[in-house]
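In what comes next, chain A is part of two complexes: it sits with chain B in the first one and with chain C in the second one.
Take a look at the complex of A and B:
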């Protein structure tokens, strides 16, 4: 019951956050210098046609009214039409958004799996060579630019060993009847490995270092000593007592990392020619394609908020003290 | 029968500044069913000594010499896994800070069941039933078993730990200052509970404390530690009535007596010796109002008395010293050399 109340509260907070985000996005793009007219309406057109086009997109109305129309449409599930493509913004971005999310979620799962296990192992063997070398490697990988790591991996696995594809999401020429078929096949998996691992290596270092520090704190706690006194096996003490409690701060950074990962996907997508939405966003912003840009950023916002919600729920599940207040 | 016997045990800590001998050549034994009080100031080596018995010395601590026999088996010769199996089943522990000894993310019942299942082939339900019995024993409601530690008060946590320590009917329970972190009222409740439990409990217990009154209430034997050594050992009433070592005399003065006349409390001036340096002669000499030339030159010899022993150079004059020690002016700073 308590947990249910806690989750409801979190969801309400999330909805409020998203509303604020929508509002900020709407006005932010309109404050940016330059207007859509000069970008996509041909200056060769006569005045009358230009005004007609403006009217068509609703850009002739005052900004406040535009905002109200936008919110109304949004509640109906209408994200507006892209200025560039002339079709629904959601339609333009949806598939690319899915591609980005699959890549990012895969890389996050790998990153946190590596980070948590390696961080715990390093802390358990603290002050040994294993710990020292492991920490140094983690720091080096963390500091290396993501596109550089990507290119190194490409040159090894795609150029030299020729076991993985160079880029893209599917081997050219393949046809699929529906989305599921497109993602659920071995060819897609092969294309996913390198970009996912590259992104994972970059994001693994933070959970790894946080987990290590957190473990070092936890293993000094009295309940770890009591667990030893209880005659439990070392493995059980590490897994059930130390790691379980040390996980809490890692969950907190999960939400932050997820936001960074989605936002930072542009570089990965460029290096691996992944048909994600990174490039689409850059284009939409530079063309002042308001509906498309707003939709893209809103989707990112929704995902980040969702990850935060997941982290909050996970946190309440992991730490019984949280759901109380 | 001797249950536990410590033979010439020394324990070293490796630190950046050098080796610290926290426990120095201690001999001590506990009979079956005996309740031994271990008393001394903070830093005298009490906790180190008992941690060596249960095999939980910190990473930088080692037993440098000696033997620890438990049921005629040298615990120091056991493999890690053999020692692990003995913990809690034969030797259990009530930790110094019970407040933080329960894992915050698991229910109390889970933590007790875990301890039982680590040593016994037993179903979860049966282990849970045992936990219920234990809760009744320590005076906690059964319904609270499924709470988390943060829902307990300090006294309840301490009771839960005591319940857990009793879970497998261990042969010896080591209680490391079980009441220090509690307020006075809860302290006396817990002590009362421990005393009541001891009436029905067959095993032995080592009760570590720096509170003389706790020892007087609970124990049958007492060992007084100072600077890593046991300076006096004996039957509780005997030691309290007629302390033989000047340090014990001083300690007695520093605690209020529940029976007998009301005296002013007298503290022992000075601080315990730095164990980093090797100490020549008696370790208490710098704070002892009765120290003589010989005390700084030779280690005092063991004097055996009935049911006990003590180490002091002026063992012949102990009657006279006892009278002097009960006077306030004896313990003034200026009477003490240095």
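Take a look at the complex of A and C:
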């Protein structure tokens, strides 16, 4: 019962947070000088046509009224039409979101695989040259700008060796009958490798370092000594006994990293011409495409809030004292 | 421990010293000028600091670097100049629309409809366009010029218009309300092993309609792959607003007439047209033209397009046909266009830009979607009658057009595959690797170096008829004074900007109508160029004064002179 009450409370808090977010987003974009038609100067629209466009976008009404209309529509599930694309902002974002998720989930899996195994190995060989060099490499990759790493990989694998494509999601000129066909083919996989690896290298360092520290703690525990005393093989002790226990803190940072990954995909998408959400957000903001920008940020907000909610509930479940507060 | 103590003492010493030093340094400079000025010149006469707005270096290195160079030069002349870096949308709203600026630069594109210099001479300088939101950004308001502009806009006789245009260019070159600085030399690249007959056009370069019609494949690969850093957004001709959309719609939809590569109007869907009088134009339609869905294109479709644009208040079309009063069908293949008032560029800037819509499609969609809905309709698949047909589009990935082999001016290629890039780096690498065949990007000097060794690539060059303008604001002092404007313009280091900022790939501009636009350009004008001595003299002769620190002051009993005469 207590847990249920706690969860309800958390959900209510989340909804309130989202409402505040929606409001802030709405006004934030409109407070910045400039409006969507100011970006279309070059097409030579005259004053009257500019006003017609503003009216068409609903921007001729007072801002308070715009806000009420926006909230009303939002409650009906209507996020508004993108100024740039004409169609529903949610539809535009959904397509791009899919592309970003595929890239980011792949890279996170690679990152955590590399991070966990390498982190454990480094801890196991602590204070050796292997440990030192490994940690330094991890730190260097973490500190290098992500677009720089991407460019280096591109110049090696795409320009010099010519074994991987320059960018994009598919070889230009391919036709697809449906969405599945677009993603489930070898060509797509080839295009996915470089951006996913680049993103993975960047985000692998955090789990690696956390894993290493956590392993160092675990290694000192008595039960590891006991396992050794039993005469078990080193590898088996590392995998079965130490790594399992050491994994817990790494799992916690996974949620945090997932949230960052979506926002941090902008540079990767730009370098590799990946048709994802990050690129779209930048365009939406610079073109003053309010509905599209609001929807995109709201989506990121919802994701973050959801991850937080899940974490909160998990904590309460794992540690009942949390729910008492 | 000892070392720590010593360090702390040292740190304290340094801090104390620097505070004292700062105070000492700031004292004399604070007091000195005030004392001197109060003796000679009145503080109230000091020219207020000029605000120069520039974009970030990454957004546009030209505006960033040229802006700083100009500001430095103005400082040398005795003006105080503050440089502010701004995002383009903000600058556009505050300056282009709000007219709250002192000075900023923008690059006005040289699209084909601007070959008739109506945009440069009327829209940008007629006093009626100077209100908020109008494109007379400087707020130029010269009655003598206005009279010429009105004649230029309404006289249907081209030779009279050319005469007026020459006179107007002369006035602008001396009055300099917003001086043009430089025309780029557009430098674009294509794969010469695979394609031939690449035709850059004045102002649009390889984006030009005529390039896509003429380009001829040399191999069996007949789908030309086109790389660009910008993507299309919306293929609805009623609400289109970006240059990229317009270029593509121009290939899919046919207008009645087109502006050819030399800037002349040629009949297109129209077999011929006849200017009956100042407000009447008769158009005979070409026979046997079909839309991409196989339905014939008739006078009904033509009349519908113009009526429909008015009925739904199409922002894009309406801006082109403001002068149009009515369209009547007068024979099976003839139409009569009535204008509400004489408007000379109606054919080149109006009829040439309105693609004819298929009535059977738009009427049905209009019924279903209503007025607001039709304006934001995606319009996919896009059905027109043009030489290229919409095939498919995956936004941010690729856009495919196939050739309309039945068109009266069928392209030589089988289609265009358009690939949007996020950065010009990608375009250059893909050209090198052969992934794309042609680009509409203007190549920068560094990028040209990068492709210098690629033997399959060919560079084409054409001067842009658009140019970078420096917009002053004549609503404010000192820009309301013609002598101040002339002096400021004489302090613009045009040659250095061309050499340093454009790497030599630009031409200095003196007239608002580019030299490459031979029909309309007037070269018999005052060519104000960089000369600091002349600039100082211009100010001196007008009575401007300098204090001991070289700062500029307004003349005594000052009444600004707005125009030379």
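What we mean here is this: the second predicted complex is superposed on the first by the 219 of 325 C-alpha atoms of A that agree within 3 Å, B and C clash if a C-alpha of one lies under 4 Å from a C-alpha of the other, contacts with A are read in each partner's own complex, and residues count from 1 in each chain.
Here is the rule we go by: contacts are C-beta pairs under 8 Å (C-beta built on N, C-alpha and C of every residue); 3 or more make two chains touch, one makes a residue touch a chain.
Bear in mind the structure is a predicted one, so any value in this text is a computation, not a measurement.
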| task | Considering only the touch criterion stated at the top, classify A:167 as touching first (chain B), second (chain C), both, or neither. | result | second
| task | Look at A:106 in the shared chain and tell me whether it touches chain B only, chain C only, both, or neither; answer first, second, both or neither. | result | neither
| query | Which touches a greater number of chain A residues, chain B or chain C? | reply | C
| task | Would you check which partner chain A:149 touches, where first means chain B only, second means chain C only, and both and neither mean what they say? | result | neither
| message | I'd like to know which partner A:286 touches here: chain B for first, chain C for second, both or neither. | response | second
| message | Under the stated touch criterion, which partner chain does A:231 make contact with: chain B (first), chain C (second), both, or neither? | response | first
| request: Check whether A:135 is in contact with chain B, with chain C, with both or with neither, and answer first, second, both or neither. | output: neither
| task | Would you sort A:159 into first (chain B), second (chain C), both or neither based on which partner it touches? | result | second
| Residue numbers on chain A that touch chain B, as the complex places them | 221-223, 225-233, 236, 240-241, 244-245, 318-321
| So in the complex, which bits of chain B are touching chain A? | 54, 56, 84-89, 92-93, 95-97, 100-105, 114-115, 118-119, 148, 150, 161, 164
| request: Spell out the residues on chain C that touch chain A in their complex, using ranges where they run on. | output: 87-90, 92-94, 96-97, 106, 108-109, 111, 113-114, 119, 123, 131, 133-135, 223, 225, 233-234, 236, 239-243, 246, 313, 315-316, 318-319, 322, 372, 375-378, 392, 394-398, 400, 417, 419-423, 426, 429-430, 433, 435-436
| task | Provide the residue numbers of chain A that touch chain C in the complex, in ascending order. | result | 32-35, 37-53, 56, 81, 84-87, 92, 95-96, 158-159, 162, 166-170, 172-173, 175, 269-271, 273, 275, 279-280, 286-288
